[in-house]
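I have placed the structure first, in the form of structure tokens, so that the comments after it can refer back to it.
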Amino acid sequence: MTAVLAVENLGLRFGTSLPVIRGVSFAIEKGEVLGIVGESGSGKTLTARCILGLQPPSATVSGSIRLHGTELVGSSEKSHRLARAHDIGYVAQDARASLHPLLTVQTLITEHQRINLGIGMKPATQRAIELLDLMRIPDPVGALHKRPGEFSGGMRQRIMIAVALACDPSLLIADEPTTALDATVQATVIGLFDRIRRQLGIGVALISHDLGVISALSDKVIVMAQGVVVEHGSRRQVLSTPTHPYTRSLLEAVSRGRL
Amino acid sequence: MAETTRVSTTSIWRFTAKRLTQGTLLAVGVTLVVFLLTSVVPSNPAIANLGERAASDSEAVAAYNAKHGLDQPLPVQYFTYVAGLLRGDLGTSQRTNRPVIEDLKEFFPTTIELACASVIIALIFGVSLGLIAALRKGGWVDRAVRLASMAGISVPSFGLAVLVLYLFYFVLRIAPGPGQLDPGITAPPRITGFLIIDSVIAGDWAAFGSTASHLVLPAVVLAIPTFGLIVRLTRTAVLEVLSEDYVLAARAKGLPTRYIALRHVLRSAVPSIITAGSLAFGSLLSGAVLVEIVFSWPGVGRYAYTSSVSLDLPAIMGVTLLIALVYITVNLIADLLIVLFDRRAGVS
Amino acid sequence: MTDVLEVQDVVVEYRVGEQRVRAVDGVTISVRSGEILGVIGESGCGKSSLARAIVGLNDIAAGQILFSGQSVAFGRGQRPRSLRPLQMVFQDPSASLNYRRRVGSQLADGIKANRPMGRVETSAEVLRLLEVVGLPYSFADRYPHQLSGGQRQRVAIARTLASAPDFIVADEPISGLDASAQASIAGLFRRLADQHGIGIIFISHDLAVVRELADRIAVMYLGQLVEIGQSEQVGLAPEHPYSQALLGAVPLPDGSGELPTELAGEVPNPANPPGGCRFHPRCPVVESLCATTPMKLTAATSTGHLVRCIHVSEIYPRRSA
Amino acid sequence: SDPSPGDSTLVVDTSFQLVTADPARLIEPTAIMISEAVYETLLTLDSEDATTPVGLLAESYEVSSDGLSYTFTLRDGVTFADGTPLTAADVLFSFERVQNIQGSPSFLVEGMSFAAPDARTFVINLTAPNPAVPAIVTSPSLGVLNSAVVQSNGGQSGPGADQSDTAEASLNADSQGSGPYAITSFSTVDTVTLTRNDDYWGEEPAFSQIVIRNVDATVQKLNISAGESDLALDLSSDQIAGDTGLNVVTGASPNLIFLFSNDNPAISPISSSPDFQEAVRYGLDYEALTALAGKGAIQAAGVVPSMFAGALASDLAPERDVARAKEALGRMSADPTATLHYASDVVINGVSFNDMAISIQSSLAEVGITIKLDGQPLSVARESYIAGRDEMGMWAWTPDFPDAGNYQIFFPGNLIATRAGWPATASPLIADLASRAAVDTDPTTRQDLYQRAQEPMLKRSPFVPLIQPSQVLVANPDLRGVTANPVWLVDLKSLHF
Amino acid sequence: MTILGVALTAMLIPNLIATFDPLAASGPRLRPPSSEFLMGTDQLGRDVFSRLVYAARATVPLALSVVVASMLVGGIIGVVAGYFGGVVDAMLMRIADMVFAFPAIILAMAVTAALGAGVTNAVIALVIVSWPAYARLGRSLVMSARNSDYVKASRLLGRSNLTIIRTDLIPLVASQLVVFAAIEVATAILLLAGLSFLGLGVQPPTPEWGSMVADGFANFDSWWIALFPGLAIFLTVVAWNLLGDEVRGHIDRRDSQIGINP
């Protein structure tokens, strides 16, 4: 079974300064959730944006990113765009800011189906309703004609996930999907990701700095610090028997309050 | 949890009504300000408007003052004026000897024709170049557009007017001269007052061609500073939108850049652009005074100028009132557009 | 010790358009000197509104707030001296510091207004305050933007301390910090309470942190107190289903892969809260009466432990797990 | 423009000085020019000799021996544009209306009374002899209106007409004259269109339409050079210096630009000092001023312009004498500093008052006089001028009718002299000569009296006549009949291709 | 910058640069540019170049005084309105709205026509026209600062309102007003030149760019009379705009470091 996504020796630097990301490697199989943890500024978001081909214009990327065996690093903007259009779904950190405030939910969920895949309005809308339903949005048909501002933070995050799933991607990248949410709402979103993984069987890269969230959802975990992967292994391995001191300090700080 | 309430149709009406009342009060307030300004100062309209001999004749001066109500105490004068206003009577111009409302009816459409042509030119070029510059931020296109906009806002419109008139009309002879129509071409019957529209209604294509070609130079000159302003504001607005997360999200969806630019970016920038446009309209009316004078354009700007230098009080008040109303209306329309456009904006 | 702060049936309302939002709806609490009361609840439940009301910055629509027996309201004028021992740490440290003034001069404000001293003494006191919150002396000459979020938070605390308060209302003072910084600030508050006998209301949305720090915990939901009691009681074995949900919603980083407990339903609109028990649309143990009967705070298991739930009343007694 | 005579348009550009098209209310130059083509007067001026009135509506006139009565015999067969015959009743109506409306031109008929004993006879009776009557009746303000129509439109001619007459609006919309053209559109700020009167009783008018547009001198220049207009009225000879291929007609303008130093010591001890006045008179650089006004301009010797009987000979005009000016200044104890008030927005015959003022300032600076300039828009500047409060002023006088009698205003105690602080008591000699000139009916003595009244003013008077600019008409070379007229600028009626 | 430098030099020591007396005829009238008369002569034979140089002395300081006066008047009114709120605020702001409601030049025209043309009156007119912008800015700054947490914190500490205004509000308002003023200089120059073009501003014989353009318009063939002062206005305004942008950019960068979005 080939990996959905294989990242090898990924590096990124701005101009001539020291690289911000160095030698990052990991792979995601079909139906598998890879958790990426790390403190603020450790390069998690930049890694995700490299995969999408949306790194800041001033950045240079090195190494290899293969999506279903196709190399993306160095490929044309167009092929990267098509990869985004067909294969990758992206859930950004801040759902409030990442949903266009003036567009209706219907437009947001259907536009890339229509533009990228040439699907008609009707079937695209049908799919939107299914997705909203899957995301447990009450009254999905009514929700279609509302704008993001009319939903609460938790619902917006779920709409964001529905948007990402609309093109049937084989890889879903979720960048801190619960950071802005309250504890109880976060629990709901975690539940949703669990369902997506089970029902759709797609590969998921889940970025978070909350070890609890990672622990609840991931199969494999990588820990990043200052642009490098410091720990890599199965969930149980990394969280129960951490080897790297950084991982250990992370775990310690979090659990002090709990026990 | 719905964080914002949808703007219902009734509240839009209420909003409009409220703004209109406010606007009307404001406009009346404006007349008061102008009235005070022009009355408190020592100038004397009778002397300014009577013939050489009559002006020295105290009886004639008294008769003139009586005729124009200038012998009344100031509050009475103002009250009479406002009472007239309520009946739609703006008084009689001391210079043209016609009801001010007639004068305004004659000159206002001409100015609006010019202003609209300029706003359209400025908006089309300003918005598209501002958008392109923002999309290519830092590139040579951006730099060129910014230079052009800087030049645009820095140009003294009267100087430019003189220059283009000299160049295109006098030296190159490719543009028609000042005025609104070629001599010898009779204006079509006045229906709307807008020469362009009237000539279409009359099917008078010679008049249409003539007035359209006469419109080009002044409209372009007037559009240039506005253009500069709109480029700047559009560019800033678009850049702001571009830095929004939802633009990144749209790109992450694999949408083509052109689609994103038009559908996501421009759409969000529209309220700022509308605001910019309505602000620019104010500065455009200022510019119109100077441009109309250079191009002998028979509009309110020139009327305002001649009225002010001849201390024609009713005319000055009329023009001021009209322009305040235009300003208020343009702002109201802009606000309404924004409200309609951006449903998130609550009516407050 | 007696209660220095008494909050009785306080209501805070905001007018949004033509709607009225009851951000705080009938809250009664009292705090003694040297005691730390933790207040937790989700975003928007009215914690900050309550905090601002307590220091007199929000008008209250009903009820009363007394500090040492005196009403805390002070209108638009200068705040009376007798109220000044009651201070607040604002939720957003970036907004609560003037970005155009140096840290040192802002710290001196509190000193000058409340315990005037000579120039030299003032500067010495400023340095001491920095030390108390664990910042180097050199920070006195910095502008707020030259500090990290956590450092700004500490400056805000120091500024509060500058006026030598007897009582501090701290609105999420550690939410912007990383785990280790959280611990050190929490320690500072503990010392202030223990060593200086300062009463503290400590607002947070993190139950785990509050459980460590506070003597008592109050849980808020949609403007109301739903549970209040000793820290061990509320933090480890809460009675109210909402408090329980809060406790269970936090996933543990134990590698077990266990999912947190989900709470059904959506957060209701505070402008239009559900009737009866506010929590009933989402409550896992809802009863038919919950939708219609407004609940009162009722004494539960131990003394001083109050819970607003039908299951604690006599009607549907239920033992929690 | 299309030169075919049957259907042709004449385009005239001028800077409007226009308030109304009602003859009883108009006095402004543009209005006079227009109304001259629309209304007809008893007498008119020959375009060749602008000083001798000739008959138009009147075939002939007679003066009574005491000079107190003028009897005009009307031409037969004159009809208004609507076909109604013109009678003495119409003339009577028109003259009385001017008198009773008390508008700007009513001074023309001051002291007159009128009678129309029969349909073809019209009589003007005077209380004192006024040899200027034939000149006065050439004024287009005294054009004859179709009284029936005007009355039906609210026109009144009796006493109280100043209140009761409401015909102005209708006269602005639609003229009621007997002239070769009729007003068909009228705007005081934009364009006036005259259309041929197809039933004109005289020679067929040359143009089907005359369009008179309000344009600034600069634009006039552009338009005439581009062939967009046929005639420009306000250019200076400078402005057309380079342009060949245009027909430039230059005539001496009767407009008099003059300077005064207020003679009233209460207004200013400086300007009223005879030494100061002398210094100014000899300190001015007349050559520079004349040059500024362009080719054709002349220095004015006296207040009566050169073309009218009674003007001073040009060799009497003062010449610059710096030494003499300095000497006069030397006799003064006070600091010779004065403020010159003028209308900064006035341009007469292409001469900008601003430029004139600057030139005056710099030439007087050379002899040691400091002039502060205070240029204001006409409307503002006029106020203190008319009130006689200006220390020094520069103004122009445009004649209302072609006769020296129009310049009585400059003699002590009269209109302008009063504004310059010069009462009749200041110079009884001049005042006496002037009042005798006003009533003398003998042309030769009259001329002599006028000259004798002006000669002492060369030595001692607040006034310094500066220049008569040249009246420059710039025309399409195909346009014929272009002659400068001292009163109505150009005779529109006589133009043709 | 260079342009500003040149303009500044021209302003301070025009006699060093100018070749002729700006007020007196120095040569024949209406001469095109030549090696003697760099920019030709005008209708009175004055050297256009020398007048151009001296004119810098008229326009720029006047524009600056307009801006400074408007800033003071508007700033004070704005702070008062924003601080006291209520009726005072409502009244002052309605007046500002009224002034806003018509184009600057028309109001300025009416004012100068009524008061009489001249430099002082032109400046007064422009100040009347431009103060509301400053007032609004000052008011909105004061209002938002008044509601900010740092003012609330100060109040909790027991500091008096006056102290808060002095230490917390004034420095904030002042720096923003100065930034705004830097941008407005360009506008003021254009307005002043426009008024002078209409004959309502600086009076002859004082050289001023706007009235020089008007001279050129009256003597159309002699393109040099209008062209050079027109260019001078243009370049000066460009320079001030650049300077204003620079100042604003500087402050914006500082503010974005501080983490506020003005």
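Per-chain numbering from 1; labels A, B, C, D and E assigned in written order.
Following the convention adopted for this analysis, a contact is a pair of C-beta atoms (placed from the backbone, for glycine too) under 8 Å apart; a residue touches a chain by one contact, two chains touch by 3 or more.
Values in this document were obtained by computation on a predicted structure and should not be read as measured data.
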Set of chains adjacent to chain A and to chain D: B
Length of the shortest touching-chain route, chain C through to chain D: 2
Pair exhibiting more inter-chain C-beta contacts, B-D or C-E: B-D
Chain at the geometric heart of the assembly (C-alpha centres): B
Rounded Å distance, chain B centre to chain E centre (Cα mean): 22
CA centroid of chain B to CA centroid of chain C, Å: 55
Cα-centroid distance, chain A relative to chain B, in whole angstrom: 51
Separation of chain D from chain E, taking each centre as the mean of its C-alpha atoms, in whole Å: 44
Residues of chain C engaged with two or more neighbouring chains: 266-267
Per-residue overlap in chain D, given as positions that touch at least 2 other chains: 222, 345, 377, 379-380
Where chain A touches two or more other chains at once, by residue number: 152
Chain B-touching residues of chain D, taken from the complex the two chains share: 1-2, 9, 11, 19-20, 27-28, 102-105, 107, 162, 168-169, 172, 187-191, 193, 209, 211, 213-216, 219, 222-223, 225-226, 228-229, 345, 377-380, 382-383, 386, 397, 415, 418-419
Chain D residues touching chain E - in the complex, by the definition given at the top: 217-218, 221-222, 238-239, 241-242, 288, 291-292, 344-345, 347, 352, 354-355, 357-359, 361-362, 373-377, 379-380
Touch list for chain B against partner chain D, complex: 42-45, 47-56, 59-60, 63, 95-98, 106-107, 165, 169-170, 173, 176-179, 182-184, 186, 293, 296, 298, 302-303, 306, 309-311
Chain E-facing residues of chain B, complex: 26-27, 29-30, 33-34, 37-38, 41, 43, 150-151, 153-160, 162-163, 166, 170, 282-283, 285-290, 293-294, 301, 304-305, 308-309, 311, 316, 319-320, 323-324, 327-328
Contact set on chain A toward chain B in their complex: 52, 54, 81-86, 88, 90, 92, 94, 97-103, 111-112, 115-116, 147, 149-152, 160, 163, 167
